[in-house]
Amino acid sequence: MEGLLHGVEGFMYPNEVELQWSVLIVLYPFLTGLVAGAFILASLEKVFRVEAVKPTYRLALLTALAFLLVAPLPLQLHLGHPERSLEMFVTPHTSSAMAMFGFIYVWYLMAVLVLEIWLEYRKDIVLAARASTGWKQRFYRILALGSDNLSAGALRADDTTSWVVSLVGIPSAFLLHGYVGFIFGSVKANPWWSTPLMPIVFLFSAMVSGIAIVLLLYMLATWLRGRLIDMACVDTIGRYLLYAFVIDFSLEMLDLIHRIYEADESFKTLDFMVHTRLYTLQVIIQIVLGTLVPIALLALALVVKLSDRARVGVYVVAALLTLMGIFAMRWNVVIGGQLFSKSFLGYTTYKMSFATREGLLPAIGLLLLPFAVLWGLMKLLPPWPEPRPETETIASA
Amino acid sequence: MGRPFGDREHLVRVALLFAGGFAVFLLLRALLVPEGFGVYGHFRVAALDANRQRPLVYAGRSACAECHSEEADLLRSGKHARVGCEACHGALARHAEDPAAQKAVRPDSRSVCLVCHEANRAKPAGFPKVVVADHAPQGSCADCHRPHAPTPQ
Amino acid sequence: MNEGRREFLQMSGHLLWLTGAAALAYDYVLAGEPEAAPNYKVTEHWWAMIIDVEKCIGCGNCVRACKEENDVPREPFYFRTWVERYHLPEGDLEHPVVDSPNGGYDGFPEKYREGDGSKNFFVPKLCNQCAHSPCVQVCPVGATFESPDGTVLVDKDYCLGCRYCVQACPYGCRFIDPRTNTVDKCNLCYHRITKGLTTACCEACPTGSRQLGDLKNPKDPIHEFLRTHKVQVLKPHMATGSKAYYNGLDGSVR
């Protein structure tokens, strides 16, 4: 640990040398961002009736749920006393964004996501309950809340309620991830974080990452199922990804230009940091490879006539680069904000350990866990029930 | 026999489930709020006590004067009037409680005196400082200066 | 109904009401006795600290005394108080060279030559006991708080160790105690000042550079001091309500 002192350049307040928030705190906004983004994509179909993306509707919902369930885990691992975390619900400090977030999380999980998924799948659950026996039947019966009504009236009620939940869900999703941005953006002590743009930047980068991951998962799942990819669907998703990206990039550039122009007391130290310690991660990985290249690729697919195979390739590469870029953005905000001294006179380094509670190994594990959860969810609530002759859709070429 | 809510019955079950969950949450909250929370503000009153519970390590200069009034008077008469006893003699709360439990040690003058008086560019101009290598390369500072009322003898 | 009976009923009603109020008050009494020290009443004090930069000699007594009094971990990453040395090259206010070797715990080895035209001085730092504390604002559970007598304290048994307050403090005065995984910081030696003693750092300071002050005590020398000296707080633009008043603070101090 004494080695940390050797990583200090210039002057840091003595208590600042060791970083407070680790890679786990980078992971957390990344995971909740995927939730918000996936849900927004789902609501495109439900609320805005963009029919083309219908094949991804259920997948997007399940993806959101899988990531939302895993999201509190990095926080729990990070806390000095995870056993005390329920205090946030018992005595929440209303002036603290972190405390209020606990309630937003529960609201979004139960009143939006779980409810939405339940309404969407209720018919399938009831049918499964009718078709199975023994404990499986009991399980599906409980999941259906004992309901057995699949009349046209009941299904219509489901649809209407689902529409309302989705409608409420959109601002809820904005709140879910905008709040995470506010947790950083409201810290006046840290000029790298403190900006009113922070919640909005976080939100749009969340949408970008969420759309990208659903796009990727849809193509992967379709390929694994041996089906044809619905090109109209992925083309539409690619378009929306591009739109979200352009807005996201504009917002980040606005923040940057504003900083450079105003050049307040923090500017020199931040500028130096971006040009040295943060250069590879910020400029190369986040901006060039993680934003500009995907934008160029997506624009290419939109403007130039490419074959289906080529477009799928473009989307895969663009989505992967996007996810990498958005992860880098979270890293640059969280870790970058702790690399410089609040005295503006020095820098420290982040020594990420490997197999400790807040090390790289648990971070990788937590990054992979949602996919395992998603796999389980997909087995329980299949997004694409096996087509029966009268309802089989023929994927467009 | 028509059901009360007809086709919306399952939605009512959901609503009841949510309401029930909320009620349970409120109940748990009422039970789990710690004692004494919110009396003076958003914190546990017991924390004020907890912050007071630490044993003293430094006795404070008035405690020393109770027994060592001669030294205290001497100190007050000289240039070290503002210097606390424990600033040089170290923490002595246990000694003040029970002199047998902790012995006060006469500090080594060269280490204690030089901490303050060794010359350093950042020390204020008016403060008495020496470059000890030139001033007195060997020997104890107490050979010429009385630590409690430091004028050269 | 005759007068006697009415009077009796009224009196019983009052008694009943009083019992209820008394029961409530007794609950609060049971909940904690902050007035346990016989003469100390939280509402009679409003603590502040004066730091006279022109008197600090960088001896490090305060850093050592604090670590000993409050059992602060001795490693160079945990400080409730520390001292910084400023070196301003000739004519350059904007680029101070600052160091704080082990927080000033072992003093400051000489680094600079005579006659280089530079300006050098020491600045002690500690928790500013802010009246509008940003660290208290962000605590999710109320584990750090402003006491009624003006100190910012930590509830070690309630703290989650989320570190949000450490991020929110503009002065860098908070740290996580690795032994308890909860936050720690200068609490103005609350266990001493509530007994009429001064803080460990003020006790150990040989030049009177650090002085505890009680703004609610009309006889406290702090009032005269604030009247006759030009004082500043650190980072005034943050509007934290800092109650650590620095005399002789140079513009280059961060």
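Miscellaneous remarks
In order of appearance the chains are A, B and C, and numbering begins at 1 in each one.
Following the convention adopted for this analysis, contacts are C-beta pairs under 8 Å (C-beta built on N, C-alpha and C of every residue); 3 or more make two chains touch, one makes a residue touch a chain.
If you're wondering where the values come from, they're calculated on a predicted model, not measured in any experiment.
Of the two chain pairs examined here, A-B and B-C, it is B-C that is joined by more C-beta pairs in contact.
Relative to chain B, the most remote chain by averaged C-alpha coordinates is A.
The mean-CA centres of chain A and chain C are about 40 angstrom from one another, to the nearest whole unit.
With centres defined as mean CA coordinates, chain B is found 45 Å away from chain A. Taking each chain's centre as the average of its CA atoms, chain B and chain C sit 10 Å apart.
Touching two or more other chains at once are residues 34, 37, 42 of chain B.
Each of residues 142-143, 158 in chain C touches at least two other chains. The multi-chain contact residues of chain A, meaning those touching 2 or more other chains, are 91, 93. By the touch criterion given at the top, residues 28, 30-34, 36-37, 42, 54-61, 65, 68-71, 85-87, 107-108, 110, 112, 114, 118, 120-122, 142-148, 153-158, 187, 190-192, 194-195, 197-198, 200, 203-208 of chain C touch chain B in their complex. Residues 34-37, 39-58, 60-61, 80, 82-84, 86-87, 91, 115-116, 119-124, 127 of chain B touch chain C in their complex. By the touch criterion given at the top, residues 6-11, 13-14, 17-18, 21, 25, 28-29, 32-34, 37, 42 of chain B touch chain A in their complex. Against chain A, the residues of chain C that register as touching in their complex are 75-79, 82, 84, 96-100, 102-103, 125, 134, 137-143, 158-164, 166-176, 180-182, 238, 254. Those residues of chain A whose C-beta lies close enough to touch chain B in the complex are 86, 89-91, 93, 110-111, 115, 118, 122, 144-147, 149, 151, 153-154, 156-158, 161.
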